[in-house]
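The following blocks contain the structures, represented as structure tokens.
In what follows, subunit A forms one complex with subunit B and a second complex with subunit C.
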Partner chain A sequence: MAELKTVGTSVQRKDAIEKVTGSAQFIEDRYMGPMLHAKMKKSTVAHGKIKNINIEKAKAHPGVKAVLTGKDYPNKIGLYLIDRDFLAIEKVRFWGEPVAVVAAVTEKAAAEAVELIEVEYDELPGVFDPRESMKDDAPIIHEDLGSYEIVPIFYPKPGTNIANHFKLRKGDVEKGFAEADVVIEKEYYVPQMQHVPIETHKAAVQWGLDGKLTVWSTAQSPNVVRQLLAKSFDIPMHKIRVISSYIGGGFGCKAGASVEGLVIPLAKMFPGYIVRIVFNREEDMQGTFTRQALFSKLKTGVRKDGRITALEYEMIWDGGAYTEYGVNIVRAAGYSSTGAYDIPNVKTDSYCVYTNNSIGGPVRGFGMCEMQWGIERQIEEIAKQLDIDPLEVRMINGMKKGSTTAAGQVVQDVDYHKCLKTVADQIGWGKKEGKFRGKGIAGLVKCPAQPSNAASSAIIRINEDGTAHVMIGATEMGQGMLTVISQIASEALNIPIDKIDIKVPDTDFTPYEWQSVGSRITYTCGTSVKRAAEDALGQIYRIAADLLETPQADLTFDGKMVYSTKDPEIKATIREIADSCKKCTGEGIAGPIIGRGSFVPTNMTNLDPETGQGNPGLFYCFGATGAEVEVDPETGVVTVLQLAAAIDAGQAVNPQLCKSQLHGGTIMGLSTALYEEVKFDKGVMLNRNFTDYKISTIDNTPHIESFIIETPETNGPYGARGIGEQPMIAVAPAVANAVCDALDIEFNTFPLTPEKVWKAIQDKK
Partner chain B sequence: MLNYSYVKCKDLTQAYDLLEKEEQVYPLAGGTDLIVGMRGGKFAAKIIVDIKDLPELKILEENDQGIVIGAAVTLNEIATFKPIIDHALVLAEGAHTVGSYPIRNRATLAGNICNASPAADTAAPLMVLNAQVKITGSHGKRTVSINEFFVGPGQNVLKKGELVESVLIPRPYPNGTGVYLKASRTGSVDLATVGVAVQSWDNKVQVAVGAVAATPVRAISVEKAVNENGEKDLARAASLARDDISPITDLRGSREYRYHMAEVLIRRGIEKVMEV
Partner chain C sequence: MKKQVVNFLLNSEPVKIDADPAESLLNVLRENFNLFGTKAGCGRGECGACTVLIDGMPVNSCLVPLGKVEGCSVETIENLSSGEQYHPIQEAFVEKGAIQCGFCTPGMVMSAYALLKNNPQPTSLEIKTAISGNLCRCSGYKQIEEAILLAVESLKD
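After this line comes the complex of A and B, so read on.
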């Protein structure tokens, strides 16, 4: 590979000045026109039939323009399983579910009117534990599950609360257990958590007098929002325009479609008005996606030499009231169910189960944090029972080039062992530091969870002066996409990055991108941009060859000038080439240069419905976390002394941004390891704001040493792969493994709050 | 949605008038409990009386009486005021653990005690310092011991029309050291699960505990065991706190854990101030 110029350097963020000065515009910063404000009336029961909704008083309230209920919304919505109502119709399925929406001239009037709406419910028995919900006599939450539209790679069980049952059978699990010297079986539990982005969910919608619907949204994925709204509201796609401004953090909660549809019927009633909805923190916590809780049983067979011969994994996920997106988390965890390890015989059953809790959905890690918690904890038990160093058990079973995943996909470009070794060295693995101190390591792997044909595209326009505009559909939510994509364009075009402009997406003007999720954008959008740049560059060479009457093969472009490698006097400036190039006779050669590139995976397949075998991964990103802790045995307080993170980025496009992701993901993981847990009482979310939903602050963040490993991804742009989610995944098990090392106590759930650790110490006594 | 009138008071008399004559009227010093409480539905305020810039409430000084902390003095000012650090370190420590630094730029000591949360981080320190609360109103002034100030969760002895004007850390100051130990879920920017203040006075100790009863309480049984009965086994002495407290289970901690943590922190606090 030729030496890289821009890729691999820590250029300044494209949005740095805007973000630092506060001039970056988010939805609420914009005055877009005459506005109406929307507020929701929310359910006060977790499961119930709606007997009656009286909206008359609300409608009569001064300032109120309209009040709508579920019957005003024609269809359901959903990414994979179309099961979700914008507003509850006939019944409510979770506490806080919107049952009516008010539009008024001020937010205050809308809020007051909401209080005047009277709803009568016939409360139904609720079910709040997915294990209970799977039982035959459980109350059914979606009676019409059998009639819902669904992508045919999911397997719901109509007549039950099971929205998806993912099955995986690899090798012969009975034979594998027969070969084992030791069989370990444990249960694990991971509670719900929340994303808590700085910016809550927001949408503003305008139904133009020309019949065009414009949607400003905090959506991570404007193209998917457009597609889902087009279907749900039966609007042709060219009549919907979705604009994602800068987004104040996503972490998965703004994937798919969320709040946009809620205000569309209101906007339709008042053409020309902008109808805006802004979720407050409590609404964001309770009314949008939560991370699904996981109850799991994991059974591992292992030989005396530490080789794992068989794995049986049952996962029961709390999908919450709607599982339109959650069904795919359950699938992803299923097909990845051996974690970062090569295990020949596997039997996995992963169930997505409806309950009357808040809606489950995507969160950074997309099931991997929850699923790999069990794996990484169980490896510690294996090590203990066999009296082998747990790092060694990871080394023995860790995937290498040519290993197969649970789904039977062969992995390439892997150096998981280097990740493990790097963090082990950093934390001084093997050296005991004192009583109540401990060290722990955990590994991870994640591939993007996306449809096998999830596509991406890019357009690059070369201006008359040789500067360029890169147009893409990916979103900027703090992760640095604008910068990384510009670097790839700059590298491929050989144009300096400061001559490249890039903006956030607008579906009327920017080309298709499936979703900014799954740590996929650097790879997918990056590939599209690289191809668009190569297309533009090809045009530059063709035009130059014509202009200079020189074969293309003899030409080279240095970013400013195309010249002949044989005779440097034969040359043309980029301006001459890009500005509707003409010959000296005045005859035109070519018009403006527009490069185009698109990408769709060709290495992914559907999975066999019975065995789950196939190729679900676009690429696999491996990594590891190391932790050192000290525990106060009297109070249960865990102090994390240091963390080490190693992620195999293939090629860090921007090392500084890469390291920021490693730090950010590690802190988010630490926060879940020690503090974060959504608490419910019969579906009522108790800790809906930061008084009682605690997250890590800088005060409890220890020194983090981060390492970028670079094993190039053969098909990634310049060898790069995505790393956005991965740094979070191994943190909770690494911290827990360290706590177990300190106390010699098993923890099969987290967060490891002081009280929980103290109780475990008491129980041991 | 909040719907209230806001009055920026020119003097104390205007504040008394409003507080006495109007209904659903609340004084605002820092506002860090008030505004959050209004948003959460805890306070149905129709009128907010802003007293934070009244000069007579901004006093932070040391005089013959002791250290005077005006009602509008912020927690960050308290935590860095030299006489407090020198003579009432336990209070500086307690003040320093309330919320976050930006919150402490606004939040006041008077607000912290008037809010009367059982978990108020400055309450237990004030109790072990024998602080006096100077109350003022249109009918005159009165002084109440901090030990008498709290009535129940969110309730204090203030009558309609009354305000806390200042809090006095009286002379003579304790000649020993003091410590505030706080257990919380994250150890940072969090409410106390249990908060313990211990102050040494001439080889005697005073102990107060927050978040373990309807109000912050003195651990009288512990004090008696150490000061009067000469209990040398501090773990045993601390365990007597169980007679003084009656914690509840909530999102922040269980009753059982609070009992345990009160004991642990009291023992550690006494060990520290007695330099055991």
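After this line comes the complex of A and C, so read on.
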């Protein structure tokens, strides 16, 4: 590979100055015009039949323009399993489910009117634990499950609460257990957590007098919003424009379409008005997604030499009341169910189960944090029983080039062992630092969870002066997409990065990107942009060859000039080429240069419905986390002394941005390890603000060292792969492993709150 | 709601507004003065995204009723830079990569600005205490701390 100029350097973020001066526009800073404000009426029971909704008093309230209920919305909405009404019709399935929406001239009037809506329910028995919900006598939450539209790679069981059962069978698990010297079986539990981006969900919608619907949204994936709204409201796609802006954090909660559709029928009633809905913090926490809770049972067979011969993994996920993403998280966790390890015989059953809790959904890692918690804890148990160093167990079983995943996909371009060794060295693995101090390591792997044909595209316009506009459909939510994609364009075009302009998407003007999720954008959008740049560059050469009457093979482009490598006097400036190029006779050669590139995976397949075997991964990103802790035995307080994170980025396009992701993901993981758990009481979310739901603050953040490992991804742009979610995945098990090392007590759930740790210490005494 | 005329200094300029004195300063800044740099993250004084300075002290503007700023000096993120002249704290945030989604950034910068105004040589602990009311979900805070330490150095010169 030729030497890289821009890729691999820490160029300044494209959005840095805007963001640090407060001039960066988030969606709420953008729409202007005559406005109406919407507020939701939410259910006060977790499961119940709606007997009656009285909206008369609300409609009569001063300032109120309209009040709508579920019957005013024609169709359901959903991504994979279309199971949800915008507003509940006939019954509610979780506490806080919207049942009516008010539009008023001020937000205050809308909020007052919401209080005047009277809803009568016939309360139904609720079910709040997915294990109970799987039982034959459990109350059925979706009576019509069998009639819902569904993407045919998911397997619901109509007549039950099972929204998806993913099955995986690899090798011969009975034979594997027979070969084992030791069999270990344990149960694990991961509770719900919340993304809590600092910007909540927001949307505004305007039905233009020309019949065009404009949507301003905090959504991570404007093309999906357009697609879902087109279907739900029977509007052709060219009549919907979705505008994105800077997003104040996503982490998965702004994937899909969650708020936009609520206000569309209101907007239709008042053409020309912008109808706006802004979730407050409580609505954001309770009414969007939580990470699905996971109850799991893990059984591993292992030989005396530390080699794992068999794995049986049962996962029961709390899908919540509706599961549009949940079914796919359960599938992703299922096909990845050996974690970062090469295990020859596997039997996995992963169930997405409806309950009357808040809707379950994707959080940074898409099931991998939850699923790999069990794997990484059980490795410790294996090490303990065999009296082998747990790092050694990871080294013995860790995937290498040519290993197969649970789904039987062969992995390439892997150096998991280097990730493990790097964090082990950093935390001084093997050296005991004192009583009540401990060290822990955990590993991770993740591939983007996306359909096998999830596509991407890019357009590059070369201006008359040789500068360029890069147009893409990916969103900027802090990960640094604009900068990284510009670097890839700059590298491929050989045009300096300061001559490249890039903006956040607007579906009327920017090309298709499936979704900005799954750590996939650097790879997918990066590949599209690289191809668009190569297309534009090809045009530059073709035009130059014509202009200079020189074979293309003799020409080279240095970013400003195209010249002949045989005779440097034969040359043309990029301006001459890009500005409607003409010969000296005046005859035109070529019009404006527009490069286009697109991408669709060609290495992915569907999975066998019975065995789950196939190729579900676009690429696999490995990594590891190391932690050192000290526990106060009197109070149960866990103090993290240091954290080390190593992620194999393939090629870090921008090392500073990569490290930012490593630090941020590691601390988000630490926050879940020590503090975060959404608490429910019969479906009522109890901690729905930052006072009751604590996240990491600067004053409890320990020292972190992060390491970028670079094992190039053969098909990634310049060898790069995505790393946004990965740094979070191994943190909770690494911290728990360290706490276990300090106390010689097993923890099979987290967060490791002082209460939980103190109780465990007392129980041991 | 009874309106009231409130006079205060906004980014060094005298302003007068006839509005509900119970309205939050945050809403007034955003909706009446179109100062969109101040962000709403929780509405309860928990996240710090709406941090502004009142008479040099950092406050969560979502919790301050407009009537309270009568006669005060209110400073927002928009006052820190002038054209392409950025405050050393802002330059340090850019250099250290202390910016990701950017939603918490204005509040974060304002808290750091208030700290360095009142305590130009803070210890690491003092920095952490001053910023502990500003939540950031993206960064892990490390780069933010490094940026403030860098700003301390550049403000010395």
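Please note the rule applied: the second predicted complex is superposed on the first by the 764 of 765 C-alpha atoms of A that agree within 3 Å, B and C clash if a C-alpha of one lies under 4 Å from a C-alpha of the other, contacts with A are read in each partner's own complex, and residues count from 1 in each chain.
In the analysis below, contacts are C-beta pairs under 8 Å (C-beta built on N, C-alpha and C of every residue); 3 or more make two chains touch, one makes a residue touch a chain.
This one's a predicted model, so the numbers in the text were calculated from it and none came from an experiment.
Novice: Between subunit B and subunit C, whom does A:H663 touch in the aligned arrangement: first, second, both, or neither?
Specialist: It touches subunit C, and subunit B stays clear.
Novice: Just subunit B (first), just subunit C (second), both, or neither: which does A:I140 touch?
Specialist: neither
Novice: After superposition on the shared chain, which partner residues are touched by A:L641: those of subunit B (first), subunit C (second), both, or neither?
Specialist: Neither partner.
Novice: For A:I235, is the partner it touches subunit B (first), subunit C (second), both, or none of the two (neither)?
Specialist: Touch status of A:I235: no partner.
Novice: Applying the document's definition of touch, where does A:M561 land relative to subunit B and subunit C: first, second, both, or neither?
Specialist: It touches nothing on subunit B or subunit C.
Novice: May I ask you to name which of subunit B and subunit C touches more residues of subunit A?
Specialist: Here the partner covering more residues of subunit A is C.
Novice: Quick check for you: in the superposed arrangement, does A:Y675 touch first (subunit B), second (subunit C), both or neither?
Specialist: Only subunit B; A:Y675 stays clear of subunit C.
Novice: So in the superposed three-chain picture, is A:N687 touching just subunit B, just subunit C, both, or none of them (first/second/both/neither)?
Specialist: The answer is first: A:N687 touches subunit B but not subunit C.
Novice: Using the superposition on chain A described above, determine whether A:W758 touches subunit B (first), subunit C (second), both, or neither.
Specialist: Only subunit B is touched by A:W758; subunit C is not.
Novice: If you stack the two complexes on chain A, which partner ends up touching A:E112: first (subunit B), second (subunit C), both, or neither?
Specialist: first
Novice: Once the two structures are fitted together, what part of subunit A is touched by subunit B and by subunit C alike?
Specialist: Subunit A residues touching both partners: 691, 695-697, 699.
Novice: Under the touch definition given earlier, write down the residues of subunit A that touch subunit B in their complex.
Specialist: 107-108, 111-112, 634-635, 637, 674-675, 679, 686-687, 691-692, 694-697, 699-700, 753-755, 758-759
Novice: For subunit C, which residues count as touching subunit A in their complex?
Specialist: Touching subunit A from subunit C are residues 35-44, 46-47, 49, 76-78, 80-81, 86, 90, 93-94, 97, 99-106, 109, 127-129, 131-145.
Novice: Okay, in this complex, where on subunit A does subunit C touch?
Specialist: Those residues of subunit A that touch subunit C are 10, 12-13, 15-26, 28-29, 195-200, 246-251, 280-281, 477-480, 656-657, 659-660, 663-668, 689-691, 695-699, 701, 704.
Novice: Quick one: which bits of subunit B touch subunit A in the complex? Just the residue numbers, please.
Specialist: 1, 3, 36, 100, 183, 185-191, 193, 251-254, 257, 260-261, 264
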